[in-house]
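Common to both upcoming complexes is chain A, partnered first by chain B, then by chain C.
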Partner chain A sequence: MTLFIEQCLNGLQFGLLLFLLAAGLTLVFGIMDLVNLAHGSLYMIGAYFAATFAAWTGSFVLGALLGLVATLVVGMAVEVIAMRRLYGRDHLDHVLGTFGLILFFDELVRLIWGPEGLSLPLPSWLNTSVQILPGVQYSAYRLSIIIVSLAVAGFLYVLVMRTRIGMLIRAGASNREMVGALGVNIKLLYTLVFGLGAALAGLAGLMQAPILTVQIGMGENILIVAFVITVIGGIGSIRGAFIAALLVGFVDTLGRAFFPDLLRLVLSPNAASTAAPALSSMLIYLVMAIVLVVRPEGLFPAVRK
Partner chain B sequence: MSGAPTVRNIVVSVLLAALALLPVYVGLGGNLFLLTLFTRIVILGLAAVSLNLILGYGGMMSFGHAAYLGIGGYAVGILAHEGIYSGFVQWPVALFVSAAFALVIGALSLRTRGVYFIMITLAFAQMAYYIIAGLARYGGDDGLTIYKRSQFFAPVDLTNKMQFYYLCLALLLGSIYLVHRLVNSRFGLVVQGARSNDLRMRAIGFPTYRYRLVCFVIAGTLCGLAGALIANNTDFVSPSMMYWTRSGDLIIMVVLGGMGSVIGPLIGAVALLVLEEFLSGITEYWQIILGPLLLLVVLFARGGIDGLLSKIRAKVGP
Partner chain C sequence: MRKILLAAGTALLLAAGPAMAQQKPIKIGFISTFSGPVAVIGNDMRNSFELALDHMGRKMAGRPVEVIYEDDGFKPEVGKQKTEKLIESDKVDFISGYIWSNVLLASIKPVVDSKTFLVIANAGASQVAGELCSPYVFSTSWQNDQTPEAMGLYMNQKGVKSVFLIGPNYAAGKDMLAGVAHTFKGKVIGQELTTWPSQLDFSAELSKAKAANPDAIFVFYPGKAGVQFLSQYAQAGLKGKIPLYTAFTIDETSLPLQKDLALGVPGAQEWVNDLPNEANKKFVADYMKKYPGHRPSFYGAQSYDAANLIASAVAATKGDLSDKEALRKAMEKADFKSVRGQFKFGNNHIPIQNFYLQDVVKDAKGDYVLKTVATIIKDYQDGSHSKCPMK
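Entry: the complex of A and B
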């Protein structure tokens, strides 16, 4: 039972982390109609920046904050230099152009930081476990990821639903020409939205960094998972992304934890232990395929035009 | 593909002649590495041609096309691992399994449109990737070495590099011809009509879903053939050949070469792989050049290389 609670919390933590990544992706898609494969690169860059700054300043928190700001700046620069020119183009062009950006960023990181990964060590005050229920210990760091991600999700909700800039974002998503015609500086708005998405991706990357190592290509696997989430949730819908991210987080984590045992009930132990890792990696894609077959527009399709 | 001596037709003719005569050059004491490189180019060219059938003509943006490379390759690899070396068994199995996979995922994916289609094909390809990476008996993540190439009747010997190259080239040209005939047939016109305006095609009375599905299956089967060839070329198959970035490479070839013609993807495959080889000779960090270059092609060279060549004709021609 303790294990089950712990795995549920891990699922929640992973899901919330994925939400940060997927929120940026779905915002950029919903508002600029841009398929951004390079989103995973921003996730990677956030982790690299944070690891570097943390090593320089000697402080985890300071390193993370600096890394976040640096990723935001990189994101806005990428928007101004490259992405801006892709708006209004075919989705295929987006796929190809941003695929080129992935190659560029992977190689740039290899050039600057070298082919070996970095590590981002946790400070001692986070590297402990806390008692969350009588007799149930849980990693303080994972718990803080959950808290930070929930806070960011809340911030996003307030930003999008309760502020002027959020109103413009929503207006831009439903009719960009009209928003532009009403005198809103749509270019600046797009740059800000892209930067926000980049910062969210960077935040996800740097929070994940102490759990996994910081390495080249770390963004590519998780990018696909983030896409799966945006598609399940309905592209452009932040609420959908939130629910889908939690769904995927739970399915993936609990699948990896308990699927092998379930398989052992029907298969021989040997066959189960060899088939389980592959089958549990497949689970989220299976969920997505089922969702798309039943609801081709995702669970919460954003209202379009 | 008319015979008028335009810049584009000259370039295409030179390219085809060069591909046909390459083994002669290598046989005369040229670099054997060149033959290995171009065998790979020809095979991936075949894969790109098959992708172009659905991407360029059908408007179906499949982001999971490398899955068939893996499926075709593993069909050969697994049969060889089990001691069945006959190409007359291996290759039809490779084609059949690819076709069956395409039929299933096509039937489900074609219910969706646009970005959803991109993502669902990607998801199915990733599922296939994880299934194959989970086949512990056949090497799992580490891949599977093939100790004997596919065997056909007496004079045909795939271990002979030159024979194998010509076999691949013949299959490539055959596929280009097939795609050419297909897209100009009634079937091809319906598929292209569905790309332009599906609603109108259905209103006229064409069950476009079925046409698109058949097109999807043909493309998958052709790519499965390329997979079987790759397995024989490298004597090794691994899940990495069907990872999603491989599908990205195939899309690059198609778009770089030009989606508007049957020969474009071949031009793209040659251009991309030769460029990769060239850049990696200059610097270890060659992708830092290739990446922005792709972005520039997307931004400024719509229609790809083939499109650029055709534009030259428009300027020079009478």
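Entry: the complex of A and C
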């Protein structure tokens, strides 16, 4: 039972981290109608900035905060310099343009930081486990990821549902032309939304950095999962992204944790332990296929006119 | 007039033919991973291979040496393509390299079919030591089982009664976990294979290991995955509670990122940078001189040996590569100064060699270095050699 609780926490942590990445992606896609493949690059940049600033300041928390601000700035700069040329064009142009950005950022990082990658060591108070329930010890760092991500999710909820900017964001997601026609500075709104998305990706990257190390191309694998989440959740919907991210996090982690044992009931132990990792890594795509069959628009599609 | 000139030119070329044949370079193809996060390993292998060529004046038996480096991109299908390219279009005399067992297994058929000599500098797929062994295939590394088998022996010495095994789901990962179980006398109470190379988060596996409450955890995670595993092992609060035993998880390419996390985590290896023989002292010192800021890893040491093995055979046949039988016999003698000390080849062309216990310490300058603690087993031969039909 304690194992099950712990695996659920692992799933929750992974899901929340994916939510941060997918929320930015779905915001940009839903509001600006922009397919941003370079979202994973911002995730990588966030991790590199945090590792660098943490090494300079000697403080993990300070490094993370500075890294977050720097990624926000980079994100807004990318929007002003590059993304503006892509609005209103075909999605294929978006894919080409932002794929170019991936190559650009990978090479830029190689030039600045070198090919070896960086590590972001945790302070000792995070590099340990804490007792959260009687008999359940859990990694202090993963627990803090859960707390920070939940706080960010709450902040996003308030921002989108309760503030004027949020109202404009929602209006933009439903009908962009009308928002522009009503005299809203849509350019500024786009820059802000893109910067927010970049900061969320950067936050995900820098929180993942102590777990996975900081390396070139680290955002590319996880970006595929983030796209899966936006598809499951419904494009443009933050709520959908939240539910879908948790779903994917749980399915992936619990699949990896318990699927091998289930397979061992029907297959020989050797065949089971070989086949299980391959099969369990397919699970999230199966979930996506099922959702697409039942609800082609995703679970919570943003209302579009 | 043009025809005459052309004819004269052709005649000159023909006349120059025999003289040029003397100086025709020896071509070596070298396949490793030179892109992506594990490029540090490929670079270390290339650095060491180049250093070996420097040490021999970039000549073997008087003939210049030309090396063609190819990047397998960490993918078996790419490795196979590059191998075929080296054989068919570059027409290389020797092939060396190969980090990954799955890349090697995908690439070995074209090598053996074309009777090109292959000196494996790392990958130790058990099949290549057993049923797939070939007169043209040699290894300066090991068979995958051997290193974890040595670790299993060490865990017996430490009185470990139960172990939980974690490793990646590909050819080498399966060999390694099987290897520990060969020699470990206690109970294997759990085994987890993870998707390779895409899975980098081991939370689910670590939770299961913790719940199983073993005396020890054994892992095999080469390259960057080793850094990720060690940090997550510490974050899960297992450091100091369930001791970790490793094979190929901590080396000079991963240590700069692992730092403190690697202190006190034992590993088994056939070569450690402080082995006290002359060839090794020269290799390590010159490597650090030629590539400041870097230390050679076992990947590099094996590549350095691969170059020297090839050179020893070319010298024995006086640069004549046409008699493959003579060349094979010369290779089998392993008549060169290996940086791991003396070793000899088994019938399957896999080294019979010592395995050492290595540990991570901080040196006087505050750098993290590996050092030899003890010899776990001497002149150890792999278990697959009986499956190899060669005598």
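We take it that the second predicted complex is superposed on the first by the 305 of 305 C-alpha atoms of A that agree within 3 Å, B and C clash if a C-alpha of one lies under 4 Å from a C-alpha of the other, contacts with A are read in each partner's own complex, and residues count from 1 in each chain.
The rule is simple: a contact is a pair of C-beta atoms (placed from the backbone, for glycine too) under 8 Å apart; a residue touches a chain by one contact, two chains touch by 3 or more.
It should be emphasised that the depicted structure is a prediction, and the values quoted were computed from it without experimental measurement.
Of the two partner chains placed by the overlay, only chain B lies in contact with A:107; chain C stays clear of it. In the superposed model, A:139 makes contact with chain C only, not with chain B. By the document's definition of touching, of the two partners only chain C reaches A:119; chain B does not. Judged by the touch definition given at the top, the superposed model places A:274 against both chain B and chain C. Using the contact criterion defined above for the overlaid structures, shared-chain residue A:216 touches chain C, although it does not reach chain B.
Contact with neither chain B nor chain C is seen for A:26 once the two complexes are overlaid on the shared chain. In the superposed pair of complexes, A:7 makes contact with chain C only, with no contact to chain B. In the superposed model, A:91 lies in contact with chain B only, and not with chain C. Where the contact sets of chain A with chain B and with chain C meet, they give residues 274, 277-278, 281. Looking at the complex, you find that chain A touches chain B at residues 29, 35, 37, 82, 85-86, 89, 91-93, 95-97, 99-108, 110-111, 220, 224, 227-228, 231, 235, 274-275, 277-279, 281-282, 285-286, 288-289, 292-293, 296-298.
Across the interface of their complex, chain A is touched by residues 36-37, 39-40, 169, 174, 191-196, 198-201, 203-205, 207-208, 210-211, 224, 227-228, 231-232, 234-237, 256-260 of chain C. Taken in their complex, chain A has these residues touching chain C: 2-3, 6-7, 10, 13-14, 115-119, 121-122, 126-129, 137, 139-142, 210-213, 215-218, 221, 253-254, 256-257, 260, 273-274, 276-278, 280-281. Within the complex formed with chain A, the chain B residues making contact are 55, 61, 63, 108-109, 111-116, 118-120, 122-124, 126-127, 130-131, 133-137, 140, 244-245, 248, 251-252, 255, 285-288, 290-295, 297-299, 302.
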